[in-house]
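Have a look at these structures, which come just after this line.
Two complexes, one shared chain (subunit A), two partners (subunit B, subunit C).
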Partner chain A sequence: MSRSKIVGAIEIGTSKVVVLVAEMADGRSMNIIGRGQSTAAGMKKGEIVDIRSVSDCAHAAIMAAERDAGKQIEHVYLSLSGSHLWGFRNAGATAITGTDGIVSGTDILRAAENAKSRGLEPGEVYIHHIRSGFILDGKLVENPVAREGSHLEVQYWHVAADEQKVKDQIMVVNGFGLDVNDIVISSLATGSLVATEEEKRQGVLVVDIGKGVTDYVLYKGRRVVQTGVIPVGGDHITNDLSLGLRVKSKLAESLKKRNACAMVQKEDRTKKVPLVGDLSIGDSFHSQLTINKITHARLEELFIILKNRMGSALTRQNLPCGMILTGGVSRTPMIQELAEVTLDVPVALAQSPDWVRNSELQEPEYATVLGLLYNALHDQKENRSDDGNTPKKTWFRKVTGLFG
Partner chain B sequence: MEQPGFFPEQDPLVEDQLPDGTLRIKIIGIGGAGTNAVDRIKLEDLEQVHLTAIDTDSQVLAASPVEETYLLGRTVTNGKSTGGSVSKGQLAAEADSNALREIVRGIDLVFLLAGLGGGTGSGAAPVIAELAKSQGALVIAFTPLPFKREGAGRCERAEKALESLRKHCHAAISLPNDLIFEQVDESATLMEAFATADKWIKLGVHSVWSMLFNTGLINLDFSTLQAALSEPGGRTIFGTGYGKGENSLEAAIKDLESCPLFHLPDPGVIKETDQLVLNLTGGPDMTMATVNKAMDLINEKLGSKSSLIMGASIDGSFYNQLRITIMGTVRGTGITKGFAPVPAASIPPNGPVAPPLKPAELFEAKEALTPSKREQEEFAFPSQEENRGLFERTQRNLYEGIDLDIPTYLRRGIKIPRN
Partner chain C sequence: MARSDKQSGGSWRGIQQKNKRGKATTKVARQRKLILLLRSAFLLLLLVAIATGIVAIKYFSSVAETVAVEPSPGKTEVDFTSDGVLSGKWFSINFPDVARSDIRDIDVGSLKGQLEEFGQVVQATVTVSLPSSLKVYVEEREPILRIRFRNAQGQAETLLVARDGVIYSGSQYPQETLLRLPGVAGLRIRKSGSGFEPISGLEPVAHLLDLAKNRLPALYGHWRVIDLTDWNPDAEYRPSLIRVSSTHIEEITFSIYGLEEQVEQLGGILQHVDRYQLGQPKSIDLSFGEEAVIRYN
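Moving on to the complex of A and B:
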């Protein structure tokens, strides 16, 4: 018991702040012992617009989670999203220096350094360097160590973010008196939870359509190949409905949750749905067709943007496992059908793995925080050997040190 | 529907107009500059294209290698030129209208090449255009405009002529010589400068020609072009760009932007109802990805999505090369004309006008306002912010030039039924 750690996973989302507290024993197993959440205010499109209200919400959620758990959080894992995140592919190459032509660890390190050496714009920081594979003499290899060759290339997917925005998020947690151990971008956290190993090997795209933004991650051959954020989410549907029907955002939001459907159907033509639906006087009726047309246009556009971003990676051939949809918007009826029609790949709705027993935690809202915990567990198991999947520790010290 | 006997022999006009289904194209050069341009096109053999040179100056015509020449206004100018008089040019064309009608009879597509600013080009071209149109032809005019240096009077004449040409042609594409002058380097001779102008005209004609005659992956045919240019009177958009090598697409788009024939209207001027035709000519190695990307890039430039009709044709000799041609008419001239009136309640009388993103029927003020609607209007803002609602105070959410925060259905012009 003395080796157990209390780990908190915090996601400051556009819709709500979700905090899970887990007890990790020896890096082998974890129990989720606390949960807290609050409706987020001051967030738009995955980014902080009003740091004070975000702080208040986050602190309320953390406090609730700690109270629920009955323990204080010791380590914090924070997820990060927002359109300021961007990723790019950069490979590092090196010649094999050993006289015997056998690849050694230093060769890999050197190639990795090359790959990571690309400078960023001022005001940007690296969040992740994700290794997506080795190419030894033009051939893709799983692990090049101790193999013979002359030229080693290591492929990396780098994720960079706006330094100020990352600092803001960290500051919110720091404000509660907690240090941030690690930051993981939302798409990675979600992806690691909802995609199975088999799916990751064959190739799968995990798309998390949240309230503010859409995060996606593409796996292929067990590796992360691409990640990204599209600054469109459920709020956009609400806003479209609110402008199109001329109703308040709040009412548009509830109307969306009750009645919006991703595809236009035949019977919509004549169907009318009430705005409030509580039989109150003055309640107005709106055409189901209008609602669905607006929703359809927005979601279809989102999938088209996704398709453009992914290019040829998003085809039936290259992506046999297709796409996994999660996030609040994935609850929209018919969204699966729409995605299938637009992207021409098999589409499934995300399911939490078996180890998540609590039915509430199986809801899409918890996918990201659960993924964070899952990552944290693996982190401890692997004792942070630099597998390329985690950021350099020094960087965090640098950033978090500013507020500590 | 078959209607035997509907085209009786006694009407030779109609009979003659029903050839074996092939397109008849005629390029008519009018005036000195137009004749020169036709002469140059003569050197490049285009299939199924007939050339005609028309001028009031017999000397010019005598020097022309083109088979069909017509001396205009023999009775008006006695075979000497109009001397820069537009009214003389017009008179000459009107006097010979019967003969001119004969020239354009049975032609499907007429290219008019006329240098504006002089007498014959400015005066006769609109008349000929009108005649050709009345004979059922699609009329596309390529018109070089004079240098500013050639004098204000000449420029003014050219402007007026262009104005009337626009009325009578399905498409009038102007080519300011000043732009040409920017392209040639300073040591270029006058001959070379004018040759460049002719080259551009030739290129324009050629790109339309290849759009119609090269086998298409995604075929654009004459009817499509006709539909896109069906209403005379609007502003014509025309441009062509060429790229080569690995980044042929980027190069072609860059070239397109520098094309002197290409005057991009402001985004927003193009409405969803306007039809623009985009044609890509590439080698057999052209990929669908290139086509898609080209569409995206052009869409982004034009700021309008659904108004673009795309074609892609293959030219066997175009390996690793790409030509982009865009053509169409934007109806109406004013920016705000034809767009929805801005809802009165939300905009102060003299406030800036909302962007023309919404079709009229969407936002017509309804009489019965529910309480919720009244509140909605409280945060309606004038200017572009208006369409962003919830996101009004956030950064613009740009993706390939479009603001994603503005509702998709507005940007796409999807009509949504209202109660």
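Moving on to the complex of A and C:
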């Protein structure tokens, strides 16, 4: 019997909480039926610093989304970000045990277990173990099953996080009376949405510059090679402008959104821009050149950090598809040009896939939650919800869900 | 997205998810929970109401079905019984519509009344027994006398007199029973509607007949006419006499007072007459108390 599931995607970001509600029919189709959004308070650099404030904001957004959808959320997919996230590569190896030397599923499982067996520091938990390729007798292979060999190595990219910070995020959702079905780090959620399969195959870096942090994910050969979080975001530009121009943060934020540009241009030298811009008496004027210089410096620094993190992986040869920029800061004019100059790779601004028809949902702010839903759809397709880890729908929720 | 596996040991999935009220529970969440609870309660009430409705519909439909399985009109089975001579045939002749009617259409009270209008019937009991039976039981009057008279059309007609004085035209009595009944003479009867007014104070006459039947059955078998010309039920009227004509004795006169003694005296007289071969008396008058006047031819 065909049965639809009501899935909620929740992103608790530094600047705002975004919730989307979708109805999924047996992993075949997805229909976004509700949306909720609220400004975030109690967040800093993607991490919770005041759980009460965050809960207030998140619950308001979830409530708004449920009301908009007219249905009760049954499954929750939560995005995770913050500088506490870190990743590392760890391979697992095994000798092929079959007498004929043919690789079997058991060999792969054994190698995978070996790769995942690395212990973490106390207070850390794994979020993802992302398989990034097989090496059979020293050669990179797509699928080693049924191939002959003697030594198999499974490459994994592991994502770990601070346990307490993950607990805090889960607690916020639990506080609303919902269980978290899956957690996906923001970079993976965003990357899965904005990068095409061809771009992932050829190699692409997806960078999501948010208010508090910058998440990135590197794809190569259709696999995730690396993920990371840089604790630099739009807030740093705001702070820089606030300090540099000696204005309040709120005004600096407004000025950034209205007038900041990532590159310095000739005409900026003479151009003055109002601080408030509503023609009110006493409004001060600031140099466009100063604003752009400050913005340029911070963004350039961000890209340099990114370049240093990526190392040799970030070259035109390795990444023919270059970099895709998304997130709120990607709206900054000429950021694309600045990234190209700094990183020396082709840079494109993210575009939502064709199936996202709502113009508002095509905005960069929704890339992560849409990516979460995209992942939820894939999870259902792969029937991963039957692995026993998915919290069962309680009778209470079934009963109350009858009224939407 | 590349496929990612989650492991339980050391994975975030090992974190216990609590829905209990804690520091992350907000007013909005509590409101939502309350709304969900109210919805559940409403749903529960709705389900109970629906279930009750279904049960009620089922119950009433089953009752309707019981009525619906009733036989079609005209299939009423009549079970007629009587403590007398009347039979089911008499009932079907006099009430032909009852057997053809739907039992639901039969007015039991009316039927009882119609039955009791028959003089022969003292009391009728009519009981409906579902699905299609009608039980009728009648208590009948016992006739003690018969009256022959000519009606307005000049036709001879026989009426019967019950011991309670009710005059009725009897039905289904065997001819033998009717012939054995003594006739009555000198009795004034009055029409009342389609019937006759009952004769009041007939108890002494009935009592006399009973005494004669029980104590002097041989003599009673020859009683032909009971003459009530000088009989009056009024206690002030004296003498109130009952005259009996039999096959052998032309007239036997009784007073309505002291009937038992008179019958006993009569028995003694007849025994004496028979023993001493005194001949057949023409008349015996027992109305003088201890004395009896006997006439011979």
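General remarks:
Convention: the second predicted complex is superposed on the first by the 382 of 404 C-alpha atoms of A that agree within 3 Å, B and C clash if a C-alpha of one lies under 4 Å from a C-alpha of the other, contacts with A are read in each partner's own complex, and residues count from 1 in each chain.
Simple rule for what comes next: a contact is a pair of C-beta atoms (placed from the backbone, for glycine too) under 8 Å apart; a residue touches a chain by one contact, two chains touch by 3 or more.
Here the structure is a predicted model, which is why all the values come from computation and not from measurement.
Aligning the two structures on subunit A places subunit B and subunit C next to each other without any clash.
Subunit A has more of its residues touched by C than by the other of subunit B and subunit C. Contacts of A:112 after superposition: subunit C is touched, whereas subunit B is not reached. When the two complexes are overlaid on their common chain A, residue A:120 makes contact with subunit C while staying clear of subunit B. Legend: residue contacts after superposition of the two complexes on their common chain; A:208 is shown touching neither subunit B nor subunit C.
Judged by the touch definition given at the top, the superposed model places A:162 against neither subunit B nor subunit C.
Residue contacts after overlaying the shared chain place A:52 against subunit C, while subunit B stays out of touching range.
Looking at the shared chain after the overlay, A:171 reaches subunit C, while subunit B stays out of its contact range. Between subunit B and subunit C, the minimal CA-CA distance in the chain A superposition rounds to 21 Å.
Chain contact summary for the complex, subunit C toward subunit A: residues 1-8, 10-15, 17-19, 22-26, 28-29, 32-33, 36-37, 39-40, 42-43. Every residue of subunit A that touches subunit B in the complex is listed here, in rising order: 44-45, 49, 83, 230-232, 235-236, 238-240, 242-244, 246-249, 251, 272, 275, 282, 284-287, 289-290, 293-294, 297-298, 300-301, 305, 308, 311-312. Against subunit A, the residues of subunit B that register as touching in their complex are 289, 292, 296, 362, 366, 370-373, 375-376, 387-391, 393-394, 397, 399, 404-405, 407-410, 412, 414, 416-419. Every residue of subunit A that touches subunit C in the complex is listed here, in rising order: 51-52, 55-56, 59-60, 63, 66, 72, 112, 116, 119-120, 125-132, 161, 163, 166-167, 170-172, 174-180, 183-184, 188-189, 191-192, 219, 222-224, 371, 374-375, 378, 382, 389, 391, 396-397, 399-400, 402-403.
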